[in-house]
Amino acid sequence: MKGASRVSAIQADKLTLSYGKKPIFSDLDLRIPEGRITVFIGSNGCGKSTLLRSLARLLKPEQGTVLLGGSEIAKLSGKEIARRLAILPQGPLAPEGLTVHQLVKQGRYPYQSFLQQWSREDEAMVNKALQATGMDELAGRSIDSLSGGQRQRAWIAMTLAQNTSTILLDEPTTFLDMAHQIEILDLLFDLNERENRTVAMVLHDINLACRYAHHIVAVKAGAVYAEGAPEEIVDEKLIREVFGMECQVTRDPILGTPLVIPYGKGRKVTARE
Amino acid sequence: MSNWVTIRGRRLSFQVPRRTIAVLAALFLVNVIVMIACIGFGSTFISPLAVIRSLLGIGDSSNDMIIFTLRMPRVVIAVMVGSMLAVSGALLQGIVRNPLTSPDVIGISGGASLGTIVFILYFSHVSIRFMPISSIAGAFGAALLIYLFAYRGGITPLRLVLIGIGMATALTAVSYMLILTASFTPTAVAVKAFTFMTGSIYGVSWTKDVLTLLPWLVVLMPVALIYARHLNVQELGDEVAASVGSSVNAKRTMLLFVSVALAGAAVAIGGTINFIGLMAPHIARKLVGPAYGGVIPVSALIGSLVLLLSDLVARVAFIPLDIPAGVFTAAVGAPFFVYLLYRHRHS
Amino acid sequence: MNNLLRTSPQKTAGLVIGIFVLLVCIVSSIVFGVADIKWRTVVDSFTAFNGSQEHLIIRTARAPRAFIAAIAGAALAVAGALMQGITRNPLASPSLFGINAGAAFFIVAASAFFGASGLSAFATLGFIGAAFTALLVYVLGSIGKDGLTPLKVTLAGASMTAFFSSLSLGVLLTGGQTFDQVLYWFVGSVAGRDMATFNSAAPYMGAALLGSFVLARHMNLLALGEDVATGLGQKTVFVKMGAAVVIVLLAGGSVSIAGPIAFVGIIIPHVTRYLVGIDYRWTLPYCAVLGGILLLAADIGSRYIAFPKEVPVGVMTAILGVPFFVYIARQGGRAHE
């Protein structure tokens, strides 16, 4: 159902969380629309990662509730949540020598028990995840022998094996060069298009965020400054307010999404005839 | 009034913070008082006044005997060994740029102790004057091994500390093995060697111990003081040190040499007394700030104070038993280490 | 992964061979010594006990010694593997983190000051001491923003080892203990133990070994990191608590019957990873078998290195352990920079 009044995959009501005595955010309301790509943007330390982590129950809010498909996340068991919602933390580290296949198999943990450790379905889901990420050829390789982009694809394959309708990712493109960033974001874009999975992630690059997100949440000082479709909310004022930077917003010449070009210094080159 | 005292002659000029001078004077005084107390306490109590009279040569002869042949050497050795360990630790912390290291943590004392045990077991017929040489050789052997093992296109503090800790355990094990397997070892010698490994200055004498250790102290301490200022630059990191013109590797090697030799010589007489090399420099930095010109002499006085007090407790607390002083430096030192970890929690 | 045994059949075969070698080592440990005993006699002493001097020696001295070496080695190796997993520190082990020294100190101090005696009291004290020290070192190593770093926890462990060893020595010297006892509580030894000693801790240690195998699957997931494990629905607190209980039972138990033995907990997990990779469902059983073999072999060797004198087995493992330790520290030092 791709209508105007979308169901929310995740809904946060009056969320309050602090780090020691320092409040990160208070009374925050948020909806992650189902079947779309949502991207959190904001300057360093604004609380966007913390927010994403508390939506995934990695952090416990002091007050407020997080609803996952209508049911309160605090009342669900860990494995129940893990069957509906996958989270890929920032910069995950695989132990030395772990193979891609071993890693992706761990995605089936929430479906396993002491007696039921490797069902037919487990095997099918793992193979499907490896194919979807293009990692089936590399399944026997150890994670530390892979390139940065391949490594991140292996971790995404693990979250896919979890077979959840919603996937949260905390800065999945950090430390990757531009080609690998595009590779990862294209993969997530395809997953959303083909399988209608809800994707929510934190990204640093505003232009990439505008390009891939259906829905952008701009976070400033622990509060939602603005949210909506990129083409509707991203303008000079938003960038100034959220990032403290002067810029000009134009259109991406290829896709037409908003493109942020900072002022500031640089060499000037006049086009030659 | 300036916070600095500047001393300028024709050929020399240096600047000392006023605070450092005050701290040095105060610590010196405390050391003297504690020394008098240490001489006074024991199975026979001698009043401070009587101690001072004896020291001035006007005391009664029964006291003189106890003071000069039994207690004085021990107090003097405590001062010497304590200060040498402390300075060795201060230098090492500067070289490695890690405030949590010391000669005993990273295995240098273990090497010295092994060297000493080899000497006790196999060279007992040679003059005791050569014992520090054996210990220092052991310390250098250990330092060299640790350095070689930790070298991998450069030295990182982490690797040095980790390998040092492993070496410390191994060297101790080798020492045990030597003690146990030397087929001629009577149990008494074994117990002595074992006590030595915990660090004890029980039963030291003027001729045997003080005179043996003295030359090393006299030679090494001034070098430590003179070279100390290079540590200030070194602490800022290799690149900075090189850019202000300090020849990093040569100075570092020199300082390491002095640090290892000090630890080795101290262990030869005092055994592996733990934690002084770790604690004293920290207390010193707390008192006079991080500049090594002040840290080195202040560490020396604090090291001596700590060992004096530890040995006093070790001697007096369980009369007639004489516990190795190393037990008490460890009892104080480990909680101190905990405090250090806590304080450095943000760095 | 370039480990030696790759397929499940290979790994199973390796384990079977390992168990066989372990049994050979146990029998060899009984057979070789100051007075060598015939293999035949060993079997007879259990199947057809005739009360002869030789049979008595086997059943009261040689056999307990072999069994203690086997279970202590297994326990230390498995405890080391679990600790390395939980702390994500390749140098973690009961000896380096002060747990062995702490357990030894509790036993020494309680017997000196509170007149604790008897084997079951020793086992209990070993467990308490191990638990206390483990908690202490863990808390100390976690102080600070960056949490549990390899450097901090290793330094904390080393200083606690020095602390507890010194205190133990102080207690032993004031208590007028014999040199043999002092040495025993310092370097660890399996000589001169009887069957009652083995029985005092073996049931707990055996249960803990089985418990570790149950934990294996969960340890695999935890190895991916706390966040990933939680994200996949694991109750990480339970897994860590379970592992902590197992570690304490294994380390505390082995100290109470064999004293603080160093380095087995470091060497074996690394050898095991080289052999079978990083899947805990394989590494833990391999650790148990290989740990037992190592300590038995070291103990047999310790009888001959200075024949006819015996060296405590803890000295042997410390000397054997150093090359490994250096190698691992060089590797680990690189990985954590």
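By written order: A, B and C. Residues from 1 in each chain.
Basically, contacts are C-beta pairs under 8 Å (C-beta built on N, C-alpha and C of every residue); 3 or more make two chains touch, one makes a residue touch a chain.
Since we're looking at a predicted model, the values are computed, not measured.
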Relative to subunit A, chain with the most remote C-alpha centre: B
Chain whose Cα centroid lies nearest the overall Cα centroid: C
Inter-chain centre distance, subunit B versus subunit C - centres from mean C-alpha coordinates, in Å: 34
Centre-of-Cα separation between subunit C and subunit A, whole angstrom: 44
Centre distance in Å when subunit A and subunit B are each reduced to the mean of their C-alpha atoms: 56
Multi-chain contact residues (two or more partners), subunit C: none
Contacting residues of subunit B [partner subunit C, same complex]: 100, 104-105, 149-150, 152, 156, 158-159, 161-163, 165-170, 172-174, 176-177, 180-181, 183, 187, 190-191, 194-195, 198, 274-275, 318, 321, 323-324, 326-331, 333-334, 337-338, 341-342, 344-347
Touching residues (chain side subunit C, partner subunit B) in the complex: 91, 95-96, 140-141, 143-145, 150-152, 154-156, 158-160, 162-163, 165-167, 169-170, 173-174, 179, 182-183, 186-187, 262-263, 305-306, 309, 311-312, 314-315, 318-319, 321-322, 325-326, 329-330, 332-334, 336-337
Contacting residues of subunit A [partner subunit C, same complex]: 53, 56-58, 77-83, 86-89, 92-99, 102-103, 106-107, 109-110, 112, 114, 117, 142, 162
Interfacial residue positions of subunit C with respect to subunit A in the complex: 1, 3, 88, 214, 217, 220-221, 223-225, 227-228, 230-235, 273, 277-279, 335
